[in-house]
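Input: structures, listed below.
Below, chain A partners chain B and then partners chain C, in two separate complexes.
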Partner chain A sequence: MEKKHYASKRALEKGNRILVYAILIVICLIWVFPFFYLVFQSFGLNPNPKSIFPGPGNWTINNYAQLFTNKSTPFFSWWLNTFIIAFFTAALQTVLVLMTAYALSRLRFTGRQALMKLILILGMFPGFLGMLVIYYILKLLNLNTSIYSLILVYAASSMMSYYIAKGFFDTISKSLDEAVLIDGGTKNTVFWRVILPLSKPIIIYTILVSFTGPWGDFMFGKYIAISGGLQVNEFTVAVGLQYLTGFDEYYGVFCAGAVMVSIPITALFFWLQRYYVEGIAGGAVKG
Partner chain B sequence: MTTIRYLSLSKPERALVSIGRFFKGIGIGIAHFFKKIPSAMLKVGYAISKPFRTLFDAFKNGTWFTRLNFLFMGFSQLLHHEIFRGILYLAYEGVFIWFLIKIGISNLSKLGTLGTFSPTSQYIGDVAEGTLVSIAGDSSFTILLYSLVTILFIIILVVLWYFSIRDAKSLQDNIAIGKNSKNTDFLKELVDKKYHKLLLAIPLVGLVAFTVIPIIFMIIVGFTNYDGRAHADLFDWVGFDNYHNLFAGFTSNGSNIIGEVFWQVLGWTLLWALIATFTNYFLGMIVALLINKKGIKLKKLWRTILILTIAVPQFVSLLLINRMLTPGGFLTRLFVQWNWIPANTSPFDSVILARALIIIVNMWVGVPYTMLICSGILMNIPEDLYESARIDGASTFKMYTSITLPYMLFITLPYLISQFVGNINNFNIIYLLSAGAPKFKGNIPTFYGEVGQTDLLITWIYKMSMEGDDKSYAVACVLGILIFLVIAVISLIFYGRSSSVKNEEDFQ
Partner chain C sequence: MASLKLEHIYKVYPNGHKAVSDFNMNIEDGEFIVFVGPSGCGKSTTLRMIAGLEEITSGELYIGDTLVNDMQPKDRDIAMVFQNYALYPHMTVYENMAFGLTLRKVPRTEIHEKVMWAADVLGLREYLDRKPKAMSGGQRQRVSLGRAILRNPKVMLLDEPLSNLDAKLRSQMRSEISKLHQQLKTTFIYVTHDQVEAMTLGTRVVVMKLGRVQQIDSPQNLYDHPINKFVAGFIGTPQMNFFNVTLKEEKDKVTVNFKDCEQPNLTLTKDQVLKAEKKYLQGDKGIILGFRCEAITAETELVKGDNIVNVTISHFEELGNETLIYGDLKEVSGLGNDSTTSVIIKATSKLGYKPGDVIKAKIDVQKIHLFDAESEMTILPPIPEKNVLPVDIVNEKMNLFSNASKPESIPVDFVKDGTISLPIDSITVGKGKETGTILKIEQQRKEYLALVEAGNKKIFVLVNDKAKVGDKITFSVDYSKATFRDENDKLIASPLADKDDISATFVNLKTAYETTKNESFNQIRDQRIKAVNDEYQQKETEFAEKWNKLLEEAKVKEESLASQADSKKAEVLKENEQLKLDLANAKTKYAQDKKECKAKHTEIKKTEIAKIENQYKQMWAKEADEYHESMAKNKDADSRRSRRLSYQVFKESFPQMKNNDLERKTNALEFDKETELNAIKSQFSQFKNFTTDKIKQNLVKFNEEYHPYNALLAKQKEELKELQNKKKDDLLHAELIFFFKYEDTYQLIPDEITNKIIQGLGNKVFTKIFKIRVPHANFIKTNDGKEYKVVSYVNYGDVKMYKCTTDCMGEKIAIYINKAEELEIGQTISLLPDLSSTEIYETELNIRLY
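Up next is the complex of A and B:
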């Protein structure tokens, strides 16, 4: 009797597990589907949104060829522009975010709480209403006719995204700081010798987030591109792809471009996934 | 009432008692508030008068070096071995005076009218032979922006001026007791006691120039009739007209269509934020639970597949899904086959379907994030909680509702709130997916943008201020301020209460 009870329980658990696997497979299929759709479309001869697969005999790499050779879709310069912007944004933003987060997490000074509240409040305003003014400020600095001014715009907003890094720093024990200070170190030493070496996940997380940001942001880039009267080859990838969606005949090229953008970023995510997860889990929610 | 007495009551009675306590609490709270007013006023008065007393003291008891600081900021510091500080003070004063003469005064004087000359072209000499010269007129935009910057400069000057005098006085006092300072002290302090100044200086400049000034500008523009077109145009102050039109502006036939649209859009924005936040949260948690379930293999693979959606730029995947949902798209054809919608229409023609689709697609976008966060926390729940529950014979569902859910809710409350706020301002998904369709019925002035029934306040603002020929930047700014008020109220209610904010120091 006893034995049978266990056996049925084991069977139940097995059934359960199969059910879970089934659900997970369905979920994953749903989540991956749009990417396969994208890839298939990018290889279609006359890509159209009506069917998922290009019909037999309709497979082609023409879209990719056009993407790189056609003068009106200068994908390579878009890619290069975005890479340069993303690289410098990541460098600047990471430094500024870590500086802000350290100051707000570890140092105690008058106005600290007020500053945190101010940043919280500033984050509640719809940012793009400020685009007009930001553009004007860029114009005063004579930067409005270059897409690289985006670096300045992205880096300037670094302070707004201190939150996750601060959450991470908060979890590092303060007794370490005290040990350094007692031994005659300064707060500068604490930052470089204690906090930074312990913060690899959050540093990589910040780099990853600030590096991938410019690849997807089309709003501000588009505003500068239009207002500053930029040439097509001065666009970023996001602005360029957004520009391609305006032409029906470039649909296949758009898909090919989207695949080419996604590949390096996806690879980056796969490579640094562990840190991304650790960063989010450690910083977003203090446990 | 004693605890024993309270415990002996039945449930409805207990509820009544707690309601009674609640109202009593409010009464006591209000009484306390009024009791505190006199002492609070005294404190505030003391705090306000402190700078003036310091200034007066510095002038009365100061040496001539200290007194000269009233005119030349940093003068006393320069002469008393605090060269760096002195130079910084003096340099700011110099920059300030240069800015005021070059730009500040002329713009500030036009602030009241926002400029009166519009740009014109004029012939020099004979009309037939002379050359056409354009004469730059006033630009209200420039006047407003420069005035704002000037006022900011003045405020900074006043604060620095006060600090320089206060510093000079304490310097004098220190010298009087034989404590001389060294030039290098300033640098040493910067990497230790005043390290925050070194760290925050650059980020703060960025924040002020590219976030604070634009936002203040935006708030001010809400009181003008600026339409958002060319920078060289003139516009005027209109007071509260924009607010008035939004809430009580009636058209000639007696209806207030913009008011109605506003309330509907606001209602949908809040409904959307609520549903989107909770569907994402619970679905993400369920997926995380499934992946982390004991005995499930390939955990990393499942997680990686879901992370894929984070890696691909959001606007690409959203534009793609939008393609599938166009009248010829294959999802639309499926819907037609299933008789959900009539042939040759778009799924975004029906309000309910459009809203449902947006929420579903949002789950597709957002669940991986929640899954990641929840996985991290789920692994931290002490296993012995489940162990003891299992010994007591609790079912899986019971364990979920009594252990997992409360634990998760407690820890992720700040995250939930920030998600809610983020969803109120979730621009991408609406703009790229439905672009607000279907449109509202009735004649909405083009001035207000092509607002639709799935538009959130944020996308409406975008349409109003950035799209089309007939723009209304000023009204968009008013809407932006209203969004801010809604979000601020919600966050203040929840944010201050969440334990991780309250007990910040406990975590370290």
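Up next is the complex of A and C:
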């Protein structure tokens, strides 16, 4: 009697697990399908959007070659533009976000609560609602003719995403700050020499997020490109790829470009991942 | 090493919560002070205010002789140990301890010496290359102590340092802290909620409750002479026994009647309650009797004579060397314990009793404490507040001690007799017309209390340390502080407040000038500005002279050395080249060492893991073999089933077990690796720091020696800037003058007082009303003061005063002034308080500002 119950429970658990894995595999397939489709298409000789594989004898790397050599699709310029924009935005944004988060986590000043609420409410509006205003401001500063003004646009509103960093800083014991103050440091010492070394995971996270944002953004890039009347080689990758979709013959090139776009992000992630060690704060205070 | 002074410290939070109220204390150099109290009593807040982590709302805090209210924590030269250690997790123990000195730019060799010293003192030498997470709680707290002591701070602050440790470690660390204090001789301030820590560590203990200091005393005094019921109950385990009683004075004794239970009365001698006020001895006032568990005994051979009560035993607590008997003075059945009658008795054993027994116990009345049931203050204070004496009226005159000078202020025309109450500070020994003989002297901390017989009365007075029993003394009585009641307890004369209160508002120069158009106010400001300007003009000339001379000398020296400079420079550069080369070599060696260390540990890890894997493989095989063997041999169904099940369990838990073991091993190896790597790293970084310092110093030294002019010029610029900034500050201060406004009169406030008021209230000063409490003798007659009308002349025996009135904020207020000169009744005089000898309060929150 007892034995039977034991066995049936085990069988049930096994069945359950099979079901769960089956569902997960299906979801996973659906999820990665577009990516593989894109990769295969980028290696196709004759673009055929209707079949996944290019078909035997149709494999080629010509699309990639064309991407970098064809003067009318200056992919390398786009890639470089985007990289510069994303790099500087990430640097600026990381510093801004971490500093904002630290200030809102540790300092008590008048209007702190109000400011946090205001940022929360402002964050609820879609970013492009401010496009018109941003355009006029850029025009006023005479910046609307350069794609690099995007750095300013992205970085300006970046500190709105301070929440996660603040949440992390809140978990670091305040007595560490106090210990530094008594040891002879200032708030600056606390931030740069104690809080930051303890916040590697959140710094990595912030860098990743603030790099991928500008890297994949299309809306503002297109906006500046149109309103500033930019040349084709001044585009960002997103705008450039969209430009490619306007020509049927560039279909394969477009796919190749899309694959190339994903490379820096992947590389960045793998490079930073090794610093992404959790539990770095262990032993700070009694835990 | 320094003394500390806390004067009227308040902490009020923005929501109006008073965390600390009127904290006053002098802490001497080298003392070990413990703040103790239940949670929320403000002890930690006080400590944090001393540390500078919390702002002081009002009051003054001195470390040494420096006012530190507005000083940054880092400038106060204090060190603090936190409850949760607050070690920097990303630094090794060495770096943790060195961090403070690094920030203070102490030379590296000195830091190294000090870290080594602190590590030796605390036994941390072998842990220096570890990170905090690889250490136990006790070790971490020791690192935290080390970090604190190595700066040799003026004051060590410890905020519940032991509460995160387990009981055994706690007592060990307690003795270590105690030893540390003896060794360092620094002032320690220690916060705890544990009264055992307070009693064992402190030279003096501050008991706090709800933000107020209850008592500051040595542990023994706290135990023996608690000032109120709270302290009595808080200090000592088990808690003191408390009972509601009344006291009744009889012929030659005082009896204690239990109120809540039927028990025989206790008897006290009259001498024992000499310090108690008479009102407590009438038999109608509620009194709380307290005695500790060792002041009552149930040992049969000791229970005889008086003061025996009947106790019903409820249960025992056996502690090994002694037994606590829990009982009740009421005869109760079962568990219905009434807290106002329950009692704890300390005994050597159970004494053969069992729960429910009614036994006799004797109270040692020499060791009892008596508290007022309402105020909960002791009725036997070490120094009684006042003497209450019966007065006979003879010929419409008071007959108190003698027939010497009698106050006219107490109208005794229609009174037969009554009682007079004289506060102890109203009696001054050494002058005056009354005489008496000292019967007894006792020392209370720094004061000497004497019982004096004067006339047919006995009074308590304070004398100096030279007085002896039997001495004849003279004394005077200030009757302005006396209370007189007639035989029907009707109030005839009440004491005059020792200070007069006047209200004022705080105004700035502009307001004062606009309302009065008094040019002299502006003149004061101009004079102050001129004084500052004059002062700095002189300073600037001196400065220019001094530096011109220095610079000229430097120039001459530089020129004379110019010929040697080039060759010397080449020498220095060569030496630096060599140092750089050494550094580069060390760097490659460091990289190599690191690599080797890593490789070594990878190897170790590999073999260790293989070992464990192997071990588990064997275990698996062995278990399988055993199982199959026993299954083959055994035919009994039950045991077969149990064997099968146990095999099943083994198979299921096997991977987890293996994983756990592997993880444990990897973690341990990881720690070892990290420690070793840290050691290599710190060795290299020490060398690197030393070398780069040396390179820099070589250049600096060369420049100082051969190009002194530039260095001096830079220094001069710096000092000049400092001087100019100081001048700017002083000018700004000179311009800021403030006044107290009494109705239509303005009084200039001295800078010292202004600073304190503004410090306490910030920019809210202008909206507040201030209460200024002026001693009677400190009104000054001036021309531009407030007008008072002299109403009457009052004779208080040895003290004589004039009563004056004036209108203030729509009310008629009266003040009493004590002046040597004769004043006419009805005359109008113009007076201002001497602000330096007054107390100034803010009325809304009732905070003392000065």
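Here, the second predicted complex is superposed on the first by the 240 of 287 C-alpha atoms of A that agree within 3 Å, B and C clash if a C-alpha of one lies under 4 Å from a C-alpha of the other, contacts with A are read in each partner's own complex, and residues count from 1 in each chain.
Assume contacts are C-beta pairs under 8 Å (C-beta built on N, C-alpha and C of every residue); 3 or more make two chains touch, one makes a residue touch a chain.
Predicted, not measured: the structure shown is a model, and the values here were computed from it.
*Asks:* Taking the superposition on A as described, I'd like to know which of chain B and chain C A:198 touches: first, second, both or neither.
*Replies:* Second partner only, chain C.
*Asks:* Given the touch rule stated above, what does A:178 touch, chain B (first), chain C (second), both, or neither?
*Replies:* In the superposition, A:178 touches chain C alone.
*Asks:* Regarding the shared-chain residue A:137, is it in contact with chain B (first), chain C (second), both, or neither?
*Replies:* In the superposed model, A:137 contacts chain B only, not chain C.
*Asks:* Which one hits more chain A residues, chain B or chain C?
*Replies:* Of chain B and chain C, B contacts more residues of chain A.
*Asks:* Would you sort A:265 into first (chain B), second (chain C), both or neither based on which partner it touches?
*Replies:* first
*Asks:* Using the superposition on chain A as set up above, list the residues of chain A that contact both chain B and chain C.
*Replies:* 173, 186, 280-282, 284-286.
*Asks:* Hey, which residues of chain C end up touching chain A in the complex?
*Replies:* Those in contact with chain A are residues 51-53, 72-74, 78-80, 82-90, 99-100, 103-104, 131-135, 137, 140, 147, 164, 641.
*Asks:* Where on chain A does chain B make contact in their complex?
*Replies:* 13, 17, 20-21, 23-24, 27-28, 30-32, 34-35, 37-38, 48-52, 96, 99-100, 102-103, 107, 109, 112, 115, 119-134, 136-137, 152-153, 155-160, 170-174, 186-188, 191, 212, 215-216, 218-219, 223, 238, 241-242, 245, 251, 254-255, 258, 261-262, 265-266, 268-270, 273, 276-278, 280-282, 284-287
*Asks:* Provide the residue numbers of chain B that touch chain A in the complex, in ascending order.
*Replies:* Counting only chain B, the residues touching chain A are 141-142, 145, 191-193, 195-196, 199-200, 202-204, 206-207, 209-215, 217-218, 228, 231, 287, 290-291, 293, 295-296, 302-317, 319-321, 323-324, 326, 328-330, 333, 364, 368-369, 372-373, 375-377, 380, 411-412, 414-415, 421, 425, 427, 458, 461-462, 465-466, 473, 476-477, 480-481, 483-484, 487-488, 491, 495, 500, 504, 507-508.
*Asks:* In their shared complex, at which residues does chain A touch chain C?
*Replies:* Residues 3, 173, 175-176, 178-186, 189, 194, 197-198, 280-286 of chain A touch chain C in their complex.
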